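Dropping the structures in below, format is structure tokens.
Two complexes are shown next, each including chain A; its partner changes from chain B in the first to chain C in the second.
Up next is the complex of A and B:
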């Protein structure tokens, strides 16, 4: 933590960055995102087990962009987000400083996207055992059971769009749900509309989701959205050998064709 | 409020016999916004078209729906009629109640109801149609001809003679292609080189043709009328200006045992060589893979003997860029070689050769100076067996198609052999004799009746060696599949004609489609045989499918005339059915977020980047931009775009959505647009 605070202070003092996006203490025992713009406030930064939110979400927010060049305190999913955003031309090399604190108080500063790629290639992404158990349970269901399971889950959706607001890849300033000519997704929160919304969001994230889990954590009614994302991640990995957030260049599984693709039917 | 006119066509009996057209017109009249609805026997006839024009003028229509045949048939007809009456042609649409309804259903109420639905859906679309203006793009009047065989030569000469510039690119050191290797040509038996070489010379001398031999296409970008091409001129290691083509270097080159490509491996050539005496350009090239200097760093004998100091060992590949308006692909074919025929001992027995090798044996410029002598010991073969369909028409070998040229050239080979070796025996094993062509059947009859060639209908199962003879084992299916065994001195395989190596990579580079056998695909098998699916790129010769010389030449002239028609205008007019990236009010400027995932999805490389800047030049955002010349209106980008920032003119999301909703909800009256 000391390393992180020291580095943040130095970056701000040197004028190398204008804002450090990091974690600070929130209400009660919570950690929340803070935006440190003065060197003397660098000591407000914390980093511990409570710091799970993917801060890379703020990199594409207009309000944050206007503050100037940022430094970001990045967890593993945030590092992936940085690469995916770079691949989608939302951030540029040199446009930010990436600081990844370790659990032991160490700090890695990434100078280039290539360094992040190298780091991620060797890093394991552990999956929560409880989530894995739920995934296995849903996978084992028959299609009928699974359909009922999802209708049950999705009927609880209140269309608050918290999942979208929490998602670092949902950076579009105008979402498809806000498009009303034509009205693709019905506005009221009925079963069909909810289903359309959630399926659409899952499809828009297919091949792009970095699996940070923020959507599930943001959902006020506790819909296990990570299941949808993770199944798509698995399918894309097994079929197309791609995983979002591993490279700073995007080879979008839904739109790319390679001459050596196994699927001959596209030719 | 829309004022839409609906016109239902009976198409004689075609629609009228199964669909109650009067009822369709009456039902359409009730759709809100439809102010005029009639039916008529032949809407595409002059009186029919006049009905539309009059209604537009009298009722002040804002949209026209013609319920008739497929838009692929008569959409241009009706749109032109609307335009003549003063209505933007893109406000006219067709509801296909023939192919999609009357032709595929029985007579009855459900059929009529479906026709009503189809009309209703298009009314909803037309209600949302916007006037569109055709797109104009400029045309660069220079053609690129890829391949310098007979097809490429013919295409280049035709285009050049029409007064347009041509750039010809040939990957080997000389133009001429396979035809230059042939001995004599069917069905007239005139010498191949005698009729080809004048054209090769004409290409080299033509003021409108720029020739790049020993060159390949590095990349091509752009669209019809506006391609940008990069040509890699491979290092010839010769200063083409200084070289006089005297040939001293080739005579003195110490590396002489390289199999000659021109002689199909039967002869040899030095490392610095001119492929054949009539080569164009008649200047040598150093084969760097076999030259002693490039391999060992010593020799440079050619440099010493060259009287004009034209040798350039340090020459590098050169990239030439050019703007072109059209491309003719004439990259030709190859014949199947190697271990494809283990049962025939090809590659194992020296005297089992392929058709091209026989051409070289029979050619006066060949390794035997035109005498038929077998490769193993140089003896004149007393019995020669020709095997047609070696590989072709053989699904087990993966080549189902007929190579088309073999029946004729095998008859020619046998004939030439009989002319050159009096008393020799010529046998041809064949499956069918396919001699469809002017004077072709007569040619085959001549081989059989006058030249005594013995045709055996059946397949050869095996060729093996016994006591210095090649034993050909087969069956004669006209004698009840009786086994036949022939002792031969030489066996000639009419091996399958296949796509040139590198055809697939080239097709991908040029963005043209190709078939399962890697032959380039024409746009329509009957009506667009020289066009590809990529506008501005045409096909000539055997790169599309196996073809003989007359057919290649005819197709080349066809391709040239297409290029001529394209070049006859200064601007191209294109349908405005293209994708467009939207613009909106600040601070968004466009809902495009600039992720460029659409870029990879576009099969036509039509998506570019555009910077939106303030008036004083400050960058606001970078968004996608669709190049209107390249876009084919396929809509893939529309589907990929998450924010719906791209829309297809004429088939907008709003229109298609309205169509689907109209179909889903049959009861709901229009929501008041």
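Up next is the complex of A and C:
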């Protein structure tokens, strides 16, 4: 933490960045995103197990962009997000400083996207055992059971769109759910519209989702959105050998193709 | 009770399958009238949401058809579509949506007989599966 605070202070003092996007103490025992703009406030930065939000979400937010060049405190999923956003031309090399604090108080400063790529290639992304168990359970169900399972889940959706708001890859200024010519997603939260919304959210993130889990954590009714994301992540890996957030270049599963892609389901 | 007549919606591309279906007609090949054909510029233009909308509007089965690989009028629309369908099928299946009711095919402008066959076999397969009740039963109170 000391390393992080020292670095943040130095960056702000030198005018190298205008804002440090990091974690600070929130209400109760929570950590929350803070935007440090004065060097003397650098000591408000914290980093511990409570710091889970993917802060890369703020990199594309206009209010934050207007503050000037940022430094971002990045967890592993946030590093992937940085690369994915770079691959989608949302951020540029040199346009930000990336700081990755370790649990042991160490700090890595990434100078280039290539350095992040190298780091990620050697880093493991463990999957929560409880979430894996839920995935295995749903996969083992019959199609009819799966249908009932998902209908049960999505009937609880209140269409608050917190899952979209929390997602660092959902940065479109105008989302399809706000389009009403035609109205792809009905406004009221009935089962049909909820189903359409959840399928659309998952599909629009196919090949782009970095599996940070923020959508699931943001959902006020606890719909396991990570399951939908991971089915697509798994299919993309097994069919196309691609993974979002591993390269700072366009390598998005649905914007590329291979002439020999599988077609055993096509007549 | 009258026999169940499946309602099949076909999303086809303008350049190959639509022309192929036209050839089926001009060749006077008789095929199942259960299909409603909707023409698109390209398979790449067929948004996955249209499939959900078709089911929501009462389709029992869906056909998606376009140019064979390397024959796309826009060079690569069908290649992109193929990737999208690989992922979409997996997602639908995981959510318990009946992917057997969705038939994908490549039918060129010269394959009038193949089009008749694709339609006929899809209609018979869906006839066996029965009406798509799951989708019809979804609550849509307040739907616009």
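Methods note: the second predicted complex is superposed on the first by the 257 of 267 C-alpha atoms of A that agree within 3 Å, B and C clash if a C-alpha of one lies under 4 Å from a C-alpha of the other, contacts with A are read in each partner's own complex, and residues count from 1 in each chain.
Assume a residue touches a chain if its C-beta (ideal position, glycine included) is under 8 Å from a C-beta of that chain, and two chains touch if they have at least 3 such contacts.
Computed from a predicted model, the values in this text were never measured in an experiment.
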item	value
Partner chain in contact with A:67 - chain B first, chain C second, else both or neither	neither
Comparing the two partners chain B and chain C, which touches a greater set of residues in chain A	C
Touched partner set for A:173, first chain B, second chain C, both or neither	first
First, second, both or neither for A:151, with chain B first and chain C second	second
Touching partner for A:108 - first (chain B), second (chain C), both, neither	neither
Touched partner set for A:88, first chain B, second chain C, both or neither	first
Touched partner set for A:246, first chain B, second chain C, both or neither	neither
Touched partner set for A:254, first chain B, second chain C, both or neither	both
Contacts of A:181 with chain B and chain C, given as first, second, both or neither	first
Shared contact residues on chain A - chain B and chain C	184, 254-255, 259, 267
Residues of chain A that touch chain B when the two form their complex	62, 88-90, 171-176, 179, 181-182, 184, 204, 250-252, 254-256, 259, 267
Contact footprint of chain A on chain B as seen in their complex	504-505, 508, 513-514, 584, 587-588, 591, 593-598, 600-601, 622, 636, 640, 642-644, 653-654, 657-658, 661
Contacting residues of chain A [partner chain C, same complex]	138-139, 141, 143-151, 155, 183-184, 186-188, 190-193, 195-196, 199-200, 202-203, 206-207, 227-228, 231-232, 235-236, 239-240, 253-255, 257-259, 261-263, 265-267
Complex interface listing, chain C residues touching chain A	48-49, 52, 56, 69-70, 76, 79-80, 82-98, 103-106, 118, 134, 138-144
